[in-house]
Every structure is written in C-alpha cells, then in structure tokens.
Amino acid sequence: MERTETRPVGPQTAPPRPSHGPHPSAKEYVRIGVVLAVLTALEVATYYVDVSRAILIPTLFVLAVLKFLLVVLWFMHLRFDDRRYARFFVMGLAGAATLYLIVLLLFGAFSG
Amino acid sequence: MASVSVPRTAAGILRRPTATTGVWSWFTTVDHKKIGIMYGVAAFAFFLIGGLEALLIRAQLAGPELSVVNADQYNQLFTMHGVTMIFLFVMPMAAAFFNYLIPLQIGARDVAFPRLNAFSFWVFLLGGLFLYSSWFLGGAPNGGWFGYAPNSTTDPSVGMSFYALGLLITGIASAASAVNLAVTVINMRAPGMSLFRVPIFTWMGLVVQFLLVFSLPIITVALFQLLFDRRWDTAFFDPTRGGDPILWQHMFWLFGHPEVYILILPAFGIISEILPVFSRKPLFGYQFVVFSGIAIGFIGFGVWAHHMYAAGLGPVANTAFGISTAIIAVPTGVKIFNWMATMYGGDLRFRSPMLYVVGAIMMFVIGGLSGVMHSVVPSDYQQTDTYFIVAHFHYVIFGGGVFAFFAGLVFWWPKVFGRMLSERLAKIQFWIMLVGFNLTFGPMHVLGMQGMIRRSFTYPEALGLTFWNQMATVGSYLIAVAVLVFIANVVITQRKPKGLDDEDPWDARSLEWTTSSPPPEHNFDEIPTVHALDEFWHRKYVEDERGRVVRVPAGAAPDHDPARGGGSGHAIHLPSPSFWPLVAAIGLPVMGYGVLYSWWVLALGALVTVVGLYGWALEPSVAEEA
Amino acid sequence: MKSKARWTRSWPLALVLAALALSACSDPNLPQNTFAPAGPVARKQADLFWPVFWVAVGVFLVVEGGIVWMAIRFRHRRDRDRFPAQIHGNSRLEVGWTILPAVVIAVIMVPTVSLIWDLARPAGAGALNVTAEGHQWWWGFRYTDEDMRTSYDQPIVTADVLVIPVGRDVSLSLESAGGLIGGGPEQADYAVIHSFWVPRLAGKQDVVPGRTNRLVLRADEPGTYWGQCAEFCGLQHAQMRFRVVALPQAEWERWVANQKRPAVTPTDPEARRGMDLFLNGVSGGGQCIACHAVGGTEAASPAGPNLTHFADPTHECFAGCIWETSDRAALEEWLRNPTQAKLGSKMPDYNLTEDEIDALVAYLYSLT
Amino acid sequence: MAAVEHAVEHETTTGLPNTKLAMWLFLASECLLFGALISAYVLYRGADPLDGPTPADVFDIPYTSVSAFVLLASSLTMVLALSAAQRDDAVRMRLWLLTTAMLGMIFVGGQVYEFTTFYNEGLTVDVNLFGTTFYVLTGFHGVHVTVGILMLLSLVGMSLAGRLPADAAFPVEMVGLYWHFVDIVWIVIFTVVYLIPTGTAG
C-alpha cells in the first residue's frame, strides 16, 4: 500500500553527530605508514627479480590494492566514518572500474 | 530581509557588495532564486539563438540545391545549433528550474553552497559566450555536436578548439552545480521530509545531479584529449600514429547517453509534478515513479554503444547494447503508464500547464518508440545518421523536454514573478507549437527512411525529398511563431501590475506554494515541518473515512501560516552577496583564449581565477554586522 | 471541448491517409528509399523494420488513444466540483505494466539478435572482393581479386561508381584512405571516418581509419543504386555521393574486359592536346598526374580519382557524383575552378585557360 | 525563528556536514576522471611505437620509487597534521602541514626533473602514443598535487593569520581527503605505468 502518511511525525533531522567518527591515534597512523612503506618496497623489489608476467602482474595488483585500501580506510578514515561517504565513493570507484573495463574489453585490450 | 549592513572589507581591497536590488545586485547575488532566474533568462536567450540557427538550417533545406548558406556555414550552423540547444539551453534551463525550485520544494533557505552556485552560473554564461565568440575569431565549431575524431582533430579551422574549450568550461559549471544540488537535496531538507516525501521533481533533480557527477568527468577527459590532439599534436585519436578514433566515440557516448537522460529527467519531474495538480489526484505510484527514474539513470550508463552500431564493434557488442537499450523502454514505460493512471478517473482541468504536460507525454512517446526502433540494430543500420534519428531526438527532446519546460514556465511563472501569464496566449502558443512541431519533425521520419542523411547542407532534386523538406521548413517557422507568442505573453504580463488574485492559482500540492509569490529572500519565514508527501495539499485537504476529500477550514491547518511572507524573518542570516564567484569565473574563459593564443593570457586567466578563489575563501559567507 | 470531439471523428480519415502515405513509402523511384530494397541485406532489414514498426504503432495507439480518451472522458465539467477518488497507486497494476513491455521487448529482440548475427557472417566463396576507399570527399573502389588485374598489372580501380555483377555477393573491405595529397592543412586529404551507405542494397557500415570494416551486399536486379557517405566527414560530407551499377552477367564481363585494357590513346587532335596537357602539365605549371592515374600512361598517382575509363558509360557521375559525367558544362565548370564548384574540394585550381579546358574535356571524354 | 542559520554544517538532514559530503562526491567523480586517463594509457600501452622511446628506454624505476615513497610519506604527515589539529595543537598542525607541502613539492619537483630527462631522451607528447598518454596522465596527476600544495600552504597561512574557523580540524580534514586521494591515484599510476612491464619492456 502506498498510502501516504498524513499523520505528523517528529522532525526527520538526525541528531547532530560529530562530523567524523573516532580517529586512530597518531601512533596508529605511523604504523600504517610503515606498512605502506614496506608494501611499496615489496612492489619495487619485484622490479629486480625475474618472474613471469603471469605471477608478477597479480602480485603487483594485490599489493597496489592493499596500499589503496590502507590509505582509503585509515588515512581517509572511511573505516570509521559514516557509511554513506563510503557508499558515494564506491559508486564512483565501482562505476569507473566497470565502465572502463567494458571499454577496454571492447577494444580487446586484454587479449593481446 | 537579510540584515546586512556596513560590510567588512574583504581582503582589504574591495568593498563587500551589499545591494540586494538594482542591476549590480544581479552580479553579486548568491540567492538561489535570482540565480535560477538568471539561468532561465540566459538559457532562453540561447534557445532563441539556437532556434535562429535552426531556422537558417531549415531555410537552406527548404528546397533542393539552395544556397542560403554555403557548406562551410551550414556545418557551423548545425554544430552550434546542437551544442547550443543541448549545453546552453536544455541543461541550463533544467538548472534554472532546479535552482529556483529545489530549495523551495524541500523547505530550505538556499542551496548548500550559495557562492558556488553563483560561480556555476557565471561559468556557464561565460563559457557560452566564449563558445559564441568563435564566430568572430575564425569560425564556429563545425564538427557536429559529438565531434567525431579524427575529423574534429584534423579540421584546419579553429572551431573545434573552441568546442573543446567551451564545453570544458561549461562542464565545470555543471559539475559544480551538480555537487551543490545533490548535497542540497540530501542534506537540506526541512524537518519531517524523509526521502519519500521529497517532491518528485526534486527527486528527478537528484538523479540528474548524480548522472552529471559520474558522466561529466568522462567527457572532460575526452575533451582534453581532443584539445591536446589539436593544439599540441598528441596522438590519442590519430590513426597514423596508432591512435584509435573509436576511443573518442566510446568516451563521448559514455557521457553522451547519460546526458540524454540528464536532458529528459528534469522534464519527467516537471510532468510528474504538474499532472497530479490538474488531475486533482496524487501521482499514481509515487515510489514506482521514483524508482523508475533511478533505474533509467542507472541503465542509462550501460547503453552508450547504441550510437556506434555501424562503427564495426562486432555482433557481440551490438547484441549486448541492442538489448540493454531496448530495456530502457521498461522503466520509461512505467512512468508513462503511471502518468496515465494518474489521469485515469481524475478531474482533468485543461489549463495551460496541463495542455503542455499532456502534449509532452504524447510527443515523448512518439520519440521513445522511434528510440526503441533504433535499438533494433539491423534496422538501425539503415536509420543511423539519417533524418530518422533527427526526428527521434527532436521528438524526445523538443516534444518531451521543451514542451515540459513550457509547462513548467507557465505553471511556476506566478510563483516566480507574482504575475499570471495569459492563459489565452499560452493556449494559442501551445496549439501553434504542437502543429508546427509535428509538421517539422514528423516528416523527418519519412525523409530519413527515404535516404536523407543528416548534416547535409543540400540534397539533389532527384532524391525526391523536396516535399517533406518543405513541410518541415514550414513547420519550423510555425514553431518560431509560437515562440514569439510566448515572448509576447511575457512582455504583456510583465506590464500588468504585480500581484496574484489567488496566491495558489492552480490548487497546487508542494511546499513551494506555501510561501508568498514571489518568495521572500529567505524563502520561508519559518522553516516548515513536513508531515506528508504533497505537504501543501495535505494542509488544504483531508480525506475523510470514506476516502472523500474535504477542504480543511481556513486557519485550521497545522503549521499553515496564512500571513505569507509578511516581512518577518528578521534575524535570519542569509549568505551575503559576493563578487568573488564572478571574478573566479571570469578567469576561465580567459584561460581558454590563452590556450588558443598565448601562454601569457593563460597565466593571466589562471591568476584571475586564483585571486577570485582566494577572495572567496577568505571572505566569510555571511558578512559580519558592524 | 467541441473541437476535440470533431478531432476524434476525423481519426478514421487520418488512418486512411496514414495508410496511403505508407504505401507511397515503398516507391522505388526514390533512389535512396530504404523501403524499396533491391538486395537481400536491405530486404532483411526492411522486413525487420516493418513488424517492429507495427508493434510501435500498437503501443502508440494504446498510449495516445488512451490519453486522448481520458482527456475527453475525465475532463473537468463545470457542474462538478468534487474531488475524484484519491488513488495513490496499485502495486499489482504497476508490476503488470513493468512486465508487459519487458515481454514485448523480449519478443522484438529475438529476430533482432538473429539478424545481427546473420548479417555479420562473412561472404561465402565466390564473392567479388572490392576495397572501398573513403576520401575527402569521394569514393574509390579497388577490385582486389586476382582475376581482376589489368593488362598493365594493376588492380581495376574506379571512382564514384562501384560496378558489380547482378546476383553475386560483393564483399567490401572499407578503408579510410587519405593523407596522400600534400600541401597545407586546407589541402590535405585527411583519413577520417566515413560511412558507406547504399540504402536500397544495405544499411550503413562506418569506414574507420586504422581499421578495416566489412560489408557484404548483393543486388538482385540490374540497375543503378544511389549511395552516399553517411558519417560527417568534413566540409563536403553532403556531396560525397556514389553509385552502385549492377550489370547482368554478359555486360559485367564486357565491362571487366574493358577495364582491364589501358586507357585509349585519343586520335582526335583536340583530345591529343588535352592528353599532352594532362601528362605534361598545364600553363600555370599544374600537374594533373600529381594526383590522378590513367592506366597505361605515366600518370599513376592514387591521390585523386582514377580517370582511366572516365568516359565509360558506367561512370555515370563525377566528383562525388554531384554531376552527371555527360554534363559537359559541369565538367568544364569543375575544371575551371574545382574549389569553387565544390567548395573546399581537395583538387587545386590551376587557373586553366578556356582553351586548355576544352582540350582537357575532350581528352577526358575520349577515355572510354 | 531566531536561530543563526549559518551554522548549518552541523544541523543537516543526514547529520553529515555539507562540505564533507560534497568532497566525497567530488572524489567519486574524480575516480571516473583518472579512470579515463589510466584507461587511455592501458589501451595504448605496449603498442609498438613507430617512433620515439618506449617505457623501457626511459623509465628509471629507482628514481621514481623514491618519488612514490615521498608521496606516501606525505600522506602520513597529512594525517599527523589532522591528528594535531584535532588535539587543537596549532603549532604541530602547521608544522605537519608544511612538511606535507614540502614533500608534495619534492614530488612535483621530481616529476619536473623526470619530464625534462624524458624530453631530452626524445620522449615528447607528440612523438608517440606512449609520450601522449604518459605525459597527459602523469601531468594531470601533477596538476592535482600542485593544487593540493596550494591548499596546504593556504591552510598554513590562514592558520597563522588566525582566519581558520574555530573547528580548524575540519578544513584540514577536507584538504586531507583530497590529498590522500591524489596519493591513491599515484599508487595506481605507479603500479600500472611504471612497474607492470609493457610487452616491449620485457
């Protein structure tokens, strides 16, 4: 039933919330920073070892995703913040990934 | 009134503007209503210019092998016609409605970022003027509104550089205003207005802003690539260096198709808003209509290659995109049928807005059906790039969009200007326009199927296309007459004394009608509390136990403030006027000329914009009181 | 309201008129009429068009008829001032009219998809292979089969007119040529996107630089079929026309034999003088052979239209088929000032004297 | 109703501040912008250039790795600035902001140096598709970093002039979001452009 509510209800406005959730401590930030540095070092290391593309590319991909997530979730505190921010961002991210993957597939960019 | 008095000097150089009336106030205003009006006026002016270009096109095509204009001029005309109508008329006209109405419909005092709003408008206007300055600086864009590379990158005239730069500039305007309006709808609703009490027009506005946020960056990159190919000889679309022109097509239509829903969803919103008023029934299946709007927006991102069926993407792609395209008919059909159900059993009062709305639905369906015929890929091989396509999109954009805009104009005119447009003239205009419109674009279906390609400045007599072309030309001049009737109507109306006999002339349903006409600068003396969808209607009427409607006795309605806009609202601090948005905007076209002519000009433009932005950032949004 | 009632009564009349208009649609005298298909591809496309069209007409009648009916039935009457029943929605109905169009769409898509794949099939063995080259702004055709080589060991090449045998598949490779003419940016023939379209034989296929698209078509009856570039390709896109001439087998063979011969050397003195000008340069120093090929002479440039058999009767039209080849005045006008006659044409204006023009025209008309 | 309306940031329908919502929407939009640029690079990567250098000819991975570290480090200093701002420690906040800006400048400086070197080795925007896509992608990123630096310096300046609002952590957080975004874009670019070898790079 889609009868519209005619009974007055209370104000919809959510109670004022802090603009951001709890933030990690500076120490935790530094720890994340160290992890990021290590991951980057690993990435760079792949440049010096001779592995086949079949292993190299997924490895690099995983490392990059890890770094990406660390920055987004901690430094940009999406992990602690309101879910709705994450939803917007993921819309853009997933949208971009899907659309451009389709375009690249149409070009046969991964078949060669 | 905003109680702003002697201003603090901003950045110590320029005095803060304070005037809220007079010519200068229009340059510095941050009031969404004034900005909305400016958007509307500018967009309408561009409509006249784009229409004038169309009239020249039709004059040239009135017979075989005429030479009203030559090939070169013709190519500039249709390109500028398309670009103008899409980017400088329909999009900003939608922005005009959104700007004016969204804050009023959700019970807000302004948009989320009033100065950003002013910035958006100025950037759009200056971007449009920048584009038009090309006529005097070596030739207007001439590669078609979708500027296919490498024709657009190799054309020796300067036109397509103006195209890229001009659209980049207006794109900045749209992006800024999209973020602004999206945040406004999400965040600035009056107490009690849950998402499913948001008026349907505002809902469609929200969907449009999201489409813009996600599609504009794509065209931005494409335009930069086009510009760099032209200006700095990069190789993005240059086949001689391995570049692929098809990349441009994907990028353009990845934006371009969502764009067509950006053009039509505002119209759907207007239709859904007005139809119930004159049917005296609520919108049938409000939630379904909302969801179908979202679905259209979403699916709209997955159909772009239907503009490229003949490009040789192969049968897999053509199958996939053919099917996804046809699927759009489903959510669109939901809207149409829900509108019909709204009318069904209603008490249809054919006042002028209703005429336009019903006309819009009927004309849009014709265009929608030819759209579905395009999705039938093998027949589209015959139709693509012919006048059949031209017919399709004018039926949807003009038939659906522009008719709906006129509906919106006559409907909200009293709200915005405090004067009723003449019903008689509005109706006369409608009938002339309806006949002229069908006479113009109906024959184009036939022309296309009989082999008339689009973007053709001439056609030989032997093709046998003369008769229908003549009809189309006659029709287009009829449309011009209709537009003149509208202009006359406006002029006559503005001469009448201000004031409405009835503050609620249409027996309307949504929140913007709870305030005075025109609304005070602060919109509402008191921010309304919302109890229902169609809040205003529910303040006027209740349904009794047997589902019958009875009018609420005057004065008995909860929250209903009979003294509208009665000059209270003192201590309401509205954002103060500012000229920094204008300054920041002026830098952009200057940068545009810089790209074409000299690094120094480019740097100067950048400097102006940066200064504008600093002035803006350093100035408090509300001037302090002395 | 009265006028509305009159409108409804004139509906049947409107339908009859519409039917008449539709039957006039398939007029084969309109040279680019897609409703008068003359080959299997265009016919399949038209055969798919019509059922979809009638479905659309059905939807049209339901929706528009419904709206008009409601506009009359539920219009406000002066004597009524009560509210209609306030119906907010009905989920079952709404789901219904979500599903129904989906079903219609599904039905339409079945033949659509099958024809997509049908048309994507390459031509069978025995097809005639031709490469169609889009230039700014004219078409060239190169016959790439081994048995289509000329006596001077070049493929047969024509301009403006594609000559094909009746009843045989023609497999076209579509290529955007260009970049062959030197000179400034105004002069260059850029490789841009064109689209190959012969409405009575087949729908369009784009010609994309850097790719080779394919199109298979066939003519069932002898005749001339008009075509034209359908993708905007610059200044003279509108006048980038061409024709397909379908010949019965015997005539086709005669045509091929003639094409294989080198250009005739004229005997008429006027034409000889023209040939001399053509091969050795005109008074202003212009060199026709910088761009044009005439088989069997030293003129061999592929930059402009091949003129070897310029006056062959199948070469019905020239310069993007704006003019009939038999139109002597037009040909003279063309040579007098090509960039004016066809604004922006890539053929330069050499300020030929009237005398030279006469000679050149005589030469060109001798090239049968 | 006498409420002072301009304190709207904290009384929105959703309870989320307008500016932050707008920032995330903007960043979502930027995903599609950089996505398009990266896709163009991926589309044309490894295409045998007719002319000019290939990635393998010009890339200096150790050098660029240092740049990547620098930019990552700047993300860390950025959050430290935010952390300080939240503790109302204006001095440390300015210090970390300045450090972040410095690191950003080192990065941009490094990019300028890299571009110059590549240019001298014959890689220009118009020589081949690698040059075209590489310069445009990394150039766009560089411009983003530069804008970020300007915003960081402005924050420092405003803080010194006492023109930051009472809740100084908020603008720092906003600029930080932008800054981190630019950093994650580089994470992707570094991997896709520099580390994954192209066909010709072996």
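Each chain gets a letter, A, B, C and D, in the order it is written, and its residues are counted from 1.
Please note the rule applied: a contact is a pair of C-beta atoms (placed from the backbone, for glycine too) under 8 Å apart; a residue touches a chain by one contact, two chains touch by 3 or more.
Not measured: the values here are computed from a predicted model.
Set side by side, B-C and A-B show the greater C-beta contact count at B-C. Relative to chain A, the chain whose mean Cα position lies farthest away is C.
Chain centres here are Cα averages; for chain B and chain C they lie 36 Å apart. Chain centres here are Cα averages; for chain C and chain D they lie 50 Å apart.
Taking each chain's centre as the average of its CA atoms, chain A and chain B sit 34 Å apart.
With centres set at the average Cα position, the gap from chain A to chain D is 16 Å. For chain B, the set of residues touching two or more other chains reads 189, 193, 213-214, 218, 242-244, 246-247, 282, 285-287, 543. With touch defined as above, residues shared between interfaces to two or more other chains in chain D number as follows: 12-14, 16, 21, 25, 28-32, 36, 43. With touch defined as above, residues shared between interfaces to two or more other chains in chain A number as follows: 2, 4, 12-13, 91-92, 95, 99, 103, 107. Per the touch definition, chain A reaches chain D in the complex via residues 12-17, 19-20, 23, 25-26, 29-30, 32-33, 36-37, 40, 43-44, 46-47, 53, 56-57, 60-61, 63-64, 67-68, 71-72, 74-76, 82, 84-85, 88-89, 91-93, 95-97, 99-100, 103-104, 107, 109, 112. Contacts from chain B toward chain D in the complex involve residues 109, 112-113, 175, 179-180, 182-183, 186-189, 193, 213-218, 220-222, 224-225, 228, 232-236, 241-244, 247, 251, 525-527, 569, 571-575, 610, 614, 617-618, 621-622.
Residues 2, 4-13, 91-92, 95, 99, 103, 106-107 of chain A are the ones that touch chain B when the two sit in their complex.
Interface residues of chain D, counted against chain B in their complex, comprise 1-2, 4-6, 8, 12-14, 16, 18, 21-22, 25-26, 28-33, 36-37, 40, 43-44, 47-51, 125-126, 128-129, 131-133, 136, 140, 150, 154, 158, 163. Across the complex, chain B is touched by residues 21, 25, 27, 29-35, 42, 44-46, 48-49, 52-53, 56, 59-60, 63-64, 66-67, 70-71, 74-76, 80, 82-91, 93-94, 97-98, 101-102, 105, 108-109, 112-113, 115-117, 119-120, 176, 179, 184-186, 188, 190-193, 195, 197, 199, 202-206, 208-211, 213-214, 226, 228-239, 322, 343-344 of chain C.
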